[in-house]
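Common to both upcoming complexes is chain A, partnered first by chain B, then by chain C.
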Partner chain A sequence: MSLKRLVAVVTVRNGLVVKSYGYRFWRPAGGLASALRELDSWCVDEIVILDISRKPRLDHRNVAAISQAMVTTPIIYGGGVRTESDVLALLQAGCDRIVLESLLFRNSETTMLLCERFGNQAFVGSIPFFGANHGSPIVRLMGDEDVNAIDMSLDHALRILQVSPVSEFFLIDADNEGFTGQFSLHGCIPKQFLMALNRGLIWFGGIGPEQMRSLLEMPQTAALALGNRLLEREVEYSKVQDQIFAPTDKTNLRPGLTSRIAYNAMKD
Partner chain B sequence: MTLRTIGILPHGGGNIGSIINAFRALGYSTRVLLSSEEADKVDLLVVPGVGHAGSALKSLQEAGSFDALAKRKSRELPILGICLGAQLFTSYLEEANSAGLGWLQTETVRLENKKRFHNGWFHLDFEALSGLGLSRGLSPVDTFYFNHEYKIRSDGLTNIVCIESDSTTVAIFVDGLTCGVQFHPEKSQRAGQVFLRNLIGRFDES
Partner chain C sequence: MECSECLYTSKHPFGLEFNSDGLCTGCITHKEKLTLDWEKRFKELEKLAKSVLGKHGAPYDCVVPVRGTPEYFYVLDIVKNVLGLRPLVVSYNSHFNSQVGIHNIDLLRDTFDVDFQMYATNKNTYQKLVREMLYRFGNLRWPFIAGETSFPIRVADQLGIPLVIWPYHQPTEQVGMHSYVEEPEMSRRSREEFDLMGLDEARLTSPETLLTSNDLSDFRYPKLTSVIGGRIRSVYLANFVPWDSRAFAEIAVTKFGARASRNWRTFDTYDRVDDLTYMSVHDLLKFSALGYARVRDSLCREIRFSRLSRNVARELEEYYQIQWPTGGIKMFSEWLEVNEEDFLFFLASQGVEEQEKTTQTLSSAALEYIAGFIDSGFSSAGEERYLLYGKGIELTNVVTSPQQSKSSNAH
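Up next is the complex of A and B:
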């Protein structure tokens, strides 16, 4: 089994990095290329770029920024991906995997075609949950210029997700995204739902320090994703890793950068 | 021989941007080959990862790349296969239900683990890595980034390194000047860069 990951989420809107709050409010937070280079220098386990502009097309400003950043950290990109050309453009720019949300639920045929061209391992399915604060979440697909928003029960969503070929699922507490410590999903999604997904899970949306260890100890958890928190303070990532990482516990987290540096220094 | 130029053999997919970035960061001139005839004209040929085996095999066949690869191998010139690229060197690929190049007498089959995929970071069998002379500058704490649904079976193979926690999954194989890696050194941060430098050093010494 792979080591569990702490993933950095960079939210982008109209070509700029933003700090997002519940996908309803945004504050500008600089350029994408520089954000990627910073996260790369902290050796984060993975970077997820989420374009929340709600446009039904790939924003090539983001593609250019990824190309310019030239990082050696794995990059997953989501937002507006609709075609094989989109995927190719992202792979040529320096991305390694793609997040699918709209296609995953609305167009399973295209999802299959993409997986047959690029391999199932290249795709992560995004599941945006709303209503976790009330204890009864639904899946809500936001609309864009071309399509309306759709609300979906967990049962309906599961029927689609179980047969999708993607390699992991990105579970988003959309109401609490950006509000550190408010994450509520793990308490209200039925265990049967999670088990039926039968893939590794990446949790995201306001995860606080006191929630991280218990989420990481869940067997199905593959990764935790942190967003605004990593844009708020420098070197926060290393601190987060080192707070959680302990070789003898059950989190199975990838050793943090400072732990690795310390190990190498000890050996020398 | 001193490696100077790196060529990437396209197969319809491939995280080409990441590979170009990784080798350029090490100081090598790197480009995507426009035709299979160019396969002989670079010092190191890289067959990239990220793709579907069936789609990649079809694309390589149509481009005449199988012959180019066979010719390069027979001339004992350096070749590096990454992830899917490495799997193409095996004798059979379950994902495509098709024969591969057959350079490595083993099969590429579906992973058996519960989550069906390897997504993320693994430690390698460091002793085996040292045995191949590829561990300089690395330590057992270092991890490498994997992202695959199918694995190269290790049964009966020598000159290999496996994942530390799974001895049935090949992480690295070396056969003369041909090397295959299941992980993505271009996206394994510092450890990946050091590994690539070690590998190129090994090719240079040959």
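Up next is the complex of A and C:
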């Protein structure tokens, strides 16, 4: 069984980190570079930076912050990526992979070209679900200055996603994002949908401690993503690890992390 | 963009977000003080206290950092008398202590009968750091904040004390960075990002400065290994009691005999009365850099507690933010060992200049509001020098009438 990842999500809006709640309400949370450095010092598996400013372009303040932070943790960046030069700028700044959402659904041709140019492994497809609380989720693409928001059924979304070349999918419970313990997606997305995606899944959006283990045990799960709570306390990441993985964990879902943090800290 | 209730704008250095009604996140979070079940919140604190009480073999259950301002009496009252914890009280010396600040620290220690450690970096090093931070960043507070936020953690680390109790998290109180139910705790990142303006001490030594690694040794935050596994937790009392600096300060003055003091550039007789640079030189630099002065922070608090209307708040802000702290500038120049004229030249380079004296007089509503602050009869304008240490001090900066402080504009 492959190792599962525990990924940290940093949400950015207009160049600053925010704590996001359902993508409707935000609290200011400081600068991006310091957030990246902190997560890096905690030895998180990966960091996902999501720019939710809803601008149809890459925010180069974020790119500068990524360069400035000089972290070694793998970074996945999403938000406003539209062109090959956007991808190049991010890779040169130190990102390892890119999240595509708008391009994934609205411009599959460009998505194909980018995957051909940089490799499928470099791209993760983002699927924002709304309506999970009512048991019947839809995919909603939020608009920006250039395009309107659109809703699509799971069937319609699946037809696009199945032929997309991205390597993994980022499934977001958008309504419950930021509300720990209220994640509802796994109970209402049909198994056939998930199997048809036929790629590793990263779950995100208010995942609570009680839900983590069962999500990780799903065979298709590649990773869990956590957001706001990682900004609230020191070394919160290792506490989450301890909650999920007992020392005598026989499933080998994830080896212990505390020793890695200690090793990293000794280098201070 | 400006908040529809308080005076903060989107230019706040911590960042500020707004809801669809134009209410800022600071005001939104503040409303939790009226709506949360604080009895339930306090039970969480009691649970935490029980988990550390006498359990780990050290002579203390927690470290409590304090300053010489009245609100810390409230903090210690909760920690010692309500929670029953054995605190080690610590304080980092700012070098700019007022008589009132020293007196309050003294009284804190005696009133609560606590063990107390105060640390003062040697003056040469401290002065070097203040000069460097002033010159490079226009900020003289960095050394004090760096020391104040690292000394208690280092003490906790060295003595094996598992808990540090701070009063409140400033970004949460001002701009609503967290909800109180999220129970944020102090972290290295929060310290670096919000307390130290993004300047971690590790990044301050460079060939262009006079600072060496040794100069910064008093300001180092302990390594991550010290906090792994919950060995040290740094919690905020404001997560468990609805924080109100003014109300707690007034309790301290009336119940414990803490001293209040009139201060430059503000009506607030409790806020920052321990440090003679805060409401003088520092506040001038802050006003120049950020476009607003400390008085706005106090006014936003008062508006949020519905103790003051926005109109009167604006009036008070306009009145106080232009006041010129002559005595404070003189004292600081002497401490820094520079000619006062040269220091004024430096201030001018930072955009700080004395404005024309205003003919504005405060309205009766404003005067009535100000009169609600306890006046212990002391004033920063009556001080002539900073105190480094003191015990059993007899206060000499007593102001018996407002006229005595007229020339320095301290109300």
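A few points about this structure:
Just so we're on the same page, the second predicted complex is superposed on the first by the 249 of 268 C-alpha atoms of A that agree within 3 Å, B and C clash if a C-alpha of one lies under 4 Å from a C-alpha of the other, contacts with A are read in each partner's own complex, and residues count from 1 in each chain.
The definition used in the following text is that a residue touches a chain if its C-beta (ideal position, glycine included) is under 8 Å from a C-beta of that chain, and two chains touch if they have at least 3 such contacts.
In this text the structure is predicted, and so the values were computed from the model without any measurement.
More residues of chain A lie in touch with B than with the remaining chain of the pair chain B and chain C. Of the two partner chains placed around the shared chain by superposition, chain C is the only one that A:41 touches, whereas chain B remains out of contact. By the document's definition of touching, of the two partners only chain C reaches A:29; chain B does not. Residue contacts after overlaying the shared chain place A:157 against neither chain B nor chain C. In the superposition on chain A, A:19 makes contact with chain C only, while chain B stays out of contact range.
Once the two complexes are laid over each other on the shared chain, residue contacts for A:52 go to neither chain B nor chain C. Touched by chain B in one complex and by chain C in the other are residues 264 of chain A. Here chain B touches chain A in the complex through residues 12-18, 21-22, 24-25, 50-55, 84, 95, 113-123, 139, 141-143, 145-149, 165, 184, 186-190, 192-193, going by the rule given at the top. Remark: chain C residues 14-17, 19, 25, 29, 171, 175-179, 182-190, 192-194, 198, 223-225, 227-230, 233-234 touch chain A in the complex. Across the complex, chain B is touched by residues 1-5, 40, 43, 45-46, 66-67, 70-75, 88, 91-97, 115-122, 167-168, 198-200, 220, 222-223, 254-255, 259-260, 263-264, 267 of chain A. The residues of chain A lying in touch with chain C in their complex are 13, 16, 18-19, 25-31, 34-35, 37-38, 41-42, 228-229, 231-235, 238-239, 258, 261-262, 264-266, 268.
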